[in-house]
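Please read the structure below before turning to the comments.
The chains carry the letters A, B and C, assigned in the order they are written, with residues numbered from 1 in each.
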Amino acid sequence: MAYLCTMKISAGQLAALVSGTLEGDPEILLERPSKIEEAVPGSVCFLANPKYEHYLYDSKASLVIVQDDFVPRSTDHPALLRVPNVYQTVSQLLGMFEEGPGNEPEIHASAVIHRGAKLGKGLSIGACTVVEEGAEIGENCRIGPQVYLGKNVKLGHSVTIHPGVRIYRDCVIGDRVILHANCVIGSDGFGFAPLEDGSFKKIAQIGNVVIESDVEIGANTCIDRGTMGSTLIGQGSKLDNLIQIAHNVQVGSHTAIAAQVGIAGSARIGSRCMIGGQVGIAGHLTIADRSVIQAQSGIASTIEEEGKKWYGSPAMDYFTFLRVYNEFKKLPQIAKKLREMEADWQEYSKNHKEDESNHHQK
Amino acid sequence: MAYLCTMKISAGQLAALVSGTLEGDPEILLERPSKIEEAVPGSVCFLANPKYEHYLYDSKASLVIVQDDFVPRSTDHPALLRVPNVYQTVSQLLGMFEEGPGNEPEIHASAVIHRGAKLGKGLSIGACTVVEEGAEIGENCRIGPQVYLGKNVKLGHSVTIHPGVRIYRDCVIGDRVILHANCVIGSDGFGFAPLEDGSFKKIAQIGNVVIESDVEIGANTCIDRGTMGSTLIGQGSKLDNLIQIAHNVQVGSHTAIAAQVGIAGSARIGSRCMIGGQVGIAGHLTIADRSVIQAQSGIASTIEEEGKKWYGSPAMDYFTFLRVYNEFKKLPQIAKKLREMEADWQEYSKNHKEDESNHHQK
Amino acid sequence: MAYLCTMKISAGQLAALVSGTLEGDPEILLERPSKIEEAVPGSVCFLANPKYEHYLYDSKASLVIVQDDFVPRSTDHPALLRVPNVYQTVSQLLGMFEEGPGNEPEIHASAVIHRGAKLGKGLSIGACTVVEEGAEIGENCRIGPQVYLGKNVKLGHSVTIHPGVRIYRDCVIGDRVILHANCVIGSDGFGFAPLEDGSFKKIAQIGNVVIESDVEIGANTCIDRGTMGSTLIGQGSKLDNLIQIAHNVQVGSHTAIAAQVGIAGSARIGSRCMIGGQVGIAGHLTIADRSVIQAQSGIASTIEEEGKKWYGSPAMDYFTFLRVYNEFKKLPQIAKKLREMEADWQEYSKNHKEDESNHHQK
């Protein structure tokens, strides 16, 4: 059993909802979306990549969604639903089968909510969640169990907070933001003044974190508060799991950041960037809009040109890196060739000098 | 005080339990396992690596476990226990001294358990733990405080869950699995459809995570649910701390993954692989069984051959990498040599042409 | 609104407190520290880096702190406060504006505290926090909500623990330590004995973690307990977020470790080291005092010389790495030059041999 879902829909209803063309019985009942290689009767699947076409001809799926110009190699296949954009339709379909919270808005009796907090309408707040003084929660937020909202934290409306999220005091979260389990928003920035005796003095971190609307933050990701002013995650940006965002970083809008990326203090990341997993970005630099950074790369200096692709640690232009890496792999042969040429040359020079001296002696 | 332990055992009892040969007084009382360099009277230590043999001769340990063919350089040493496999014996010994939970099975009064959850016998459930509707917990599970088990989560028997673990709805956990503090199982996969205006639309993640029996998952590790179908961790695999496993990844059985590794979506990792710390593995590729991947490597393409060792980012054959890196370190000398040869060559060509033209003019 | 703060101070009072020289009205009221580019009336800012001097001349700040020998290019600027060390004064200033916990010492009614735990005076313990048997908490500790302190955990005095921290049994925390949200102290080390059938047997982890005084540990950082003996974080060391410290690691005093670093089992890190983000350090090696390791580097062998700087994966001397990387970027040109020289050489050798044979035939 992969997941439970009580939703059912007929092939005809689905075709109407997604404006597709059905080749098959409109009464077929669809119970679950499945991957085509794992389909069982009742499954609705999709086929977009021709590489997987062979799965079609012995699939047990009840319906397969395909591109509208798809030409099957054989007639022995499940019912088809032709659509103009398979991925978009699948995204729609998954949304239909997603189960909502399934609970009435409810504030659990074990939640500990300060009487000085302001709560909007239609909220649900889970068991053992703690809301401190001065916090303000907008309408229709769904706050899971075991969450911590510090003093004066402000949430917009329709925010979803999964269990175990911690938001330190004074942080501000926009509308429709989704925060996954155990992420930490507003922890102290890593700021210490070195003293003469070699020890460190903590610098108070009195800023906050501002997360704009429609942002999603992954599980166990950390976003530190500004030392002064705010650490900012711009509108619609998506952060995966286990990411480190240091104090006073600014991330633009609609930027996607994959898991385990680390961004050091006061870096400014543009909008619509794509940052691959495990990338590291140094502090106090700027990344231009629409930059694409390959996984595991290290960005050590400002990127001014927009829309370019980067790779390596320290990173360089993506295509340059591919050429460099291609020679890098051959370094032992390059070094060998060089040694051979050097030996040839020395041999030659020696002989030639003898030759020349013979020649001159004639 | 390093740790507290009330267990005591005599050297004679220990020798009998591990089938070893004792050279010393069987009445010696052993109170704690220690590292040989930190031993105090009452300590039982081990010596396997000859590099540390010098510690033996002034150790205050009451007993030292050694390989059965060990020949001491001096007779001035603590009692010895000779065994055929030191590491195996130490593992046994540590198990003897490990303290159990020490509590009677108990469901704490502050735990919030939905009346629609099914609980096996002999359970303990800690304070402030939340169990949602439809969850099923097998016999003899030990669930710590402040844990979250979402709707329809299924646990086998004898599962150990440390404080602060979050398991999202519909995930399935096998028998004897150990989950360390604050790990997150079943968070949403990082799936977004880019829209024409450059913003992202969330793709519903309706799959789950399946963790097979005898798996151990480290602290703060994240395993995302499948978009459709399951993210799978195979039987007996061991995952360290702070690891990212993306949606629809499949990990085989008895694979060991060190801390801070990231595996991108839909990658398939074989069985009995060893993956070093901070390795990154790209999405949609396959890693053959028994692959060994060196720490910090990046795997960007499928590995088909079984049992090979890999290194570098992007990774190459381990021994090739060592040769490549050996030349890489010498790149400044290689470049210098090349420049010198070029200069010599130009000098020579110039002279030689003059020489030749002189020659022809004769 | 970046943050809330009810503190106000006059420019004259501030000048007296930090022993600075005021150029302006001592009655000016200061309400918040701000970055100079974000200042509003009531802001006190600082200017240390000449690069940002242009912000001074149209800043709305009420007061700007500058170095005592600063010479403005224009007279049109806010009031100035001259001090001998700007950064030190700012650190002092931020401390003044930092808000304290604001609560009376209080043990929340929903905290679950074993009657066998010992509590010092002046404690605050937050809602839903769990304290197990045998735990000892020193005076004036501030323990947030939803924290877990396992059996026999010992805290010194004035320790600050943020929400969601988990400390496993037997760990020892020194005075004035700060632990950020969701960090995990004392989880099991990653220790397994491979069995003949290819499966793993868990090795009991019976050690603990010892954190000395004045240490700060970041959000979601994990420190595993020793297998035997202790994992140790030395006095005054500072660890950022999402760091992995494996079993039996020893970190010296006053060492700073940036986010996402991973240190493998039994490594010994010196004192006053600086370790950049995402660095990986292999197990069972030693890092000398005052080593500086550049971000994303990989340390694969012992560093014996103190106070050196390292870079690369595997790392080399910092300046060597810069030279190597400089040639690495040019590898395609190096390879091309080598191919050209080889072609020239072959061409030459061929001609020359013909030439010589012609010559001899004369």
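Here, contacts are C-beta pairs under 8 Å (C-beta built on N, C-alpha and C of every residue); 3 or more make two chains touch, one makes a residue touch a chain.
Everything quoted here is computed from the prediction, not taken from an experiment.
**Q** Over half shared numbers or under half: where do the identical copies chain A and chain C land at their interface, same or different?
**A** different
**Q** Using only the C-alpha atoms, find the rotation that maps chain B onto chain C and quote its angle between 0 and 180 degrees, to the nearest 5.
**A** Rotating chain B by 120 degrees superposes it on chain C.
**Q** I'd like to verify one number: the distance from the centre of chain A to the centre of chain C, where each centre is the average of its C-alpha atoms, in whole angstrom.
**A** 24
**Q** Note the residues in chain B that touch 2 or more other chains, in rising order.
**A** 110, 128, 146, 164, 182, 220, 242, 260, 278, 313, 328, 331, 334, 338, 341, 345
**Q** If you look only at chain C, which of its residues touch chain A in the complex?
**A** Residue list for chain C touching chain A: 1-5, 33-35, 38, 87-88, 90-91, 94-95, 97-99, 102, 108, 110, 126-128, 144-146, 162-164, 178, 180-182, 214, 216, 218-220, 236, 238, 240-242, 254, 256, 258-260, 272, 277-278, 295-296, 313, 325, 328-329, 331-332, 334-335, 338, 341-342, 345, 349.
**Q** Any idea which chain A residues touch chain C in the complex?
**A** 110, 112, 128, 130, 134, 146, 148, 151-152, 164, 166, 168-170, 172, 182, 184, 187-188, 190, 192-193, 198-208, 210, 220, 222, 224, 226-230, 242, 244, 246, 260, 262, 264, 278, 280, 282, 298, 313-314, 316, 320, 323-324, 326-328, 330-331, 334, 337-338, 341, 344-345, 348
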